[in-house]
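In what follows, chain A forms one complex with chain B and a second complex with chain C.
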Partner chain A sequence: MKESLLDIICCPLDKHDLDLAVEDREDGEILAGTLTCTDCGETYPIEDGIPNLLPPDMREDAPA
Partner chain B sequence: MGDETAGGAGRGDPPALTDHDPIATYDRIATHFSKTREYAWPEVESFLADRTAVRAIDVGCGNGRHTELLADRAETALGVDASRGLLREACTRAEDRGIDASFLQGDAAALPVTTGTADLGIYVATIHHLRPRRRRIRSLNELARVLDPGGVALVSTWSAAHDRFADVDPVADADVRAVTDEEGTPIGFDTTVDWTLPGGERVPRFYHVYTPAGFRTDLAASDLSIESFEVSSGNCYVTVRLEPGSASKE
Partner chain C sequence: MTDLAERRGAETTVYQPAEDSGLLAEAAIAEATGRVLEVGTGSGWVAERIATADDSADVEVVASDVNPHACRQARERGLDVVRGSLLDPFRDGVFDTVAFNPPYLPTDPDNEWDDWMETALSGGRTGRELIEPFLDDVGRVLTPGGCVLLLVSSLTGYEAVIDRVEAAGFSHEVVREESYPFETLSILRLTQR
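Let's look at the complex of A and B:
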């Protein structure tokens, strides 16, 4: 994802802004990292350049 | 809205698999499905024909065939889908074609998109995969939320007007389930529509099939207002705007 996307994305739960932590960047594209809600603290992974902003209970790795 | 917050009710509980079927289903069929979704729908092309935008959003973007049209006419084009498999197809397709669009994984009923950010939106052939009814209405409210006050969007759904459903009797048929509004008026039915993979394997997909009148009912229950409504090739195509004063609407 491009860093500029931060201007228009938000936490799916409470719609607050997200903080970005980059783990891998290539040619300006963020390939891996974490988005963290500045309000509720929920974290969302960026994998293969695609942020996963599904609500946590819809994620594949949702804890049972 | 009097409804629970999107994504809030089930947090911490084991995922209800029935709710999440579309993700697993589309992840499974993504490659083949995408191959059969090469071209934009003419109804979407004509809706977009004279429109330009600063920021445009494609909810339920699938392989991105319509996000591509948005990228041609908007400074920023964003495609959202619940299926990672389809998003991979979308990213590959955009890269191959040199399309400047962004894609992210998200739920139509809990959009991870800033309020009032999009002046153009499309939400086509997706709402029929959501259940139950309150999630479908919530997804319409989410589209309204992300539209800016002057924004416009196209919403479409497969409908009971399609030839395929001509013989369906929601009351008598055991494999479909009638859905009504609060007053008991039928608005459509739930059913299963198989996707057949090249090897012949059939993958069931959940569908809520609205009657055209039922789709109007749910749009009226949402924060969107109807600008135009047409039925074409068995699909309902509705041009919508943010309802004035929707924030105070129940």
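Let's look at the complex of A and C:
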């Protein structure tokens, strides 16, 4: 993901801002890292360049 | 193509472009402006068409899906992708255009597959179980003057969708309409009243 995406995404639970922690960056894209809600503290992973902003109870890979 | 079993075919993970995708892409290329979100992007085909259209210089496209396989396919097209449920992970007032080809086929809850294709196609018992929460929340993420491009099938209950559109505070115009043997597809352009 591009860092500019932070301007449009938010915590899906409470709509507060997200803090970015970068683990792997390539060509200006964040490939791995975490997004942490500045209010509730919930952490969302960034994997293969895709932020996973599903709430924790929807995060598993199998559909409901 | 009348029901889920026929439509899902051999594909079990990611919805691939079909007639509905083509109609939405055509409408979106004509109507989309500014920052564009495609909700439920699936393979990412529609979002890519919008991003690469001839006059796309002024559009910036973001694609989202709940399905991780879809997110990966969309990202392989070079799109900015967010995994999330409907509009939940997006801030207020950030999109000039939101496009959505929803899962809309009415489905008997006793006859479900519990796989990602069902997530892509099934709108629950009424066909409107994703459309309704989408309409209830989409006004929040729009910029003032922003618009929604929503695909509606006659199978979903056109009038029932219109009622919900109006209840959510939108006025609508039909910008594309196409009839197929088993359904009529319309693209509604919604603006806040």
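In the analysis below, the second predicted complex is superposed on the first by the 60 of 64 C-alpha atoms of A that agree within 3 Å, B and C clash if a C-alpha of one lies under 4 Å from a C-alpha of the other, contacts with A are read in each partner's own complex, and residues count from 1 in each chain.
Assume contacts are C-beta pairs under 8 Å (C-beta built on N, C-alpha and C of every residue); 3 or more make two chains touch, one makes a residue touch a chain.
Values in this document were obtained by computation on a predicted structure and should not be read as measured data.
A.B. asks: Is this a clash or a fit when chain B and chain C both end up on chain A?
C.D. replies: Because the two structures are overlaid on the shared chain, the partners are seen to clash.
A.B. asks: Please indicate which partner A:Met1 is in contact with in the superposed arrangement: first for chain B, second for chain C, both, or neither.
C.D. replies: In the superposition, A:Met1 touches chain B and chain C alike.
A.B. asks: Name the chain, either chain B or chain C, that contacts more residues of chain A.
C.D. replies: The partner with more contacted residues on chain A is B.
A.B. asks: Tell me which partner A:Pro51 touches in the superposition: chain B (first), chain C (second), both or neither.
C.D. replies: Touch status of A:Pro51: both partners.
A.B. asks: Scan A:Cys10 for contacts with chain B and chain C and give back first, second, both or neither.
C.D. replies: In the superposition, A:Cys10 touches chain B and chain C alike.
A.B. asks: Kindly point out the stretch of chain B, out of 3-11, 165-173 or 201-209, that overlaps with chain C after superposition on chain A.
C.D. replies: The answer is stretch 201-209.
A.B. asks: Pick out the shared contact residues on chain A: the ones touching chain B in one complex and chain C in the other.
C.D. replies: Looking at chain A, the two contact sets intersect at 1-2, 5, 7-12, 15, 48-55, 58, 62-64.
A.B. asks: Taking the touch rule as given, give the residues of chain B at its contact with chain A in the complex, in rising order.
C.D. replies: So the residues of chain B touching chain A come out as 5-8, 10-15, 19-20, 23, 55, 76, 78, 82, 84, 87-88, 91, 102-107, 110-115, 117.
A.B. asks: Quick one: which bits of chain C touch chain A in the complex? Just the residue numbers, please.
C.D. replies: Per the stated touch rule, the residues are 35, 62, 66-68, 71-72, 75, 80-85, 88-92, 94-95, 114-116, 118-119.
A.B. asks: Report the residues of chain A in contact with chain C in the complex, numbered from low to high.
C.D. replies: Touch residues, chain A against chain C: 1-2, 5, 7-12, 15, 48-55, 58, 61-64.
A.B. asks: What residues of chain A sit close enough to touch chain B in their complex?
C.D. replies: 1-2, 4-5, 7-15, 44, 48-58, 60, 62-64
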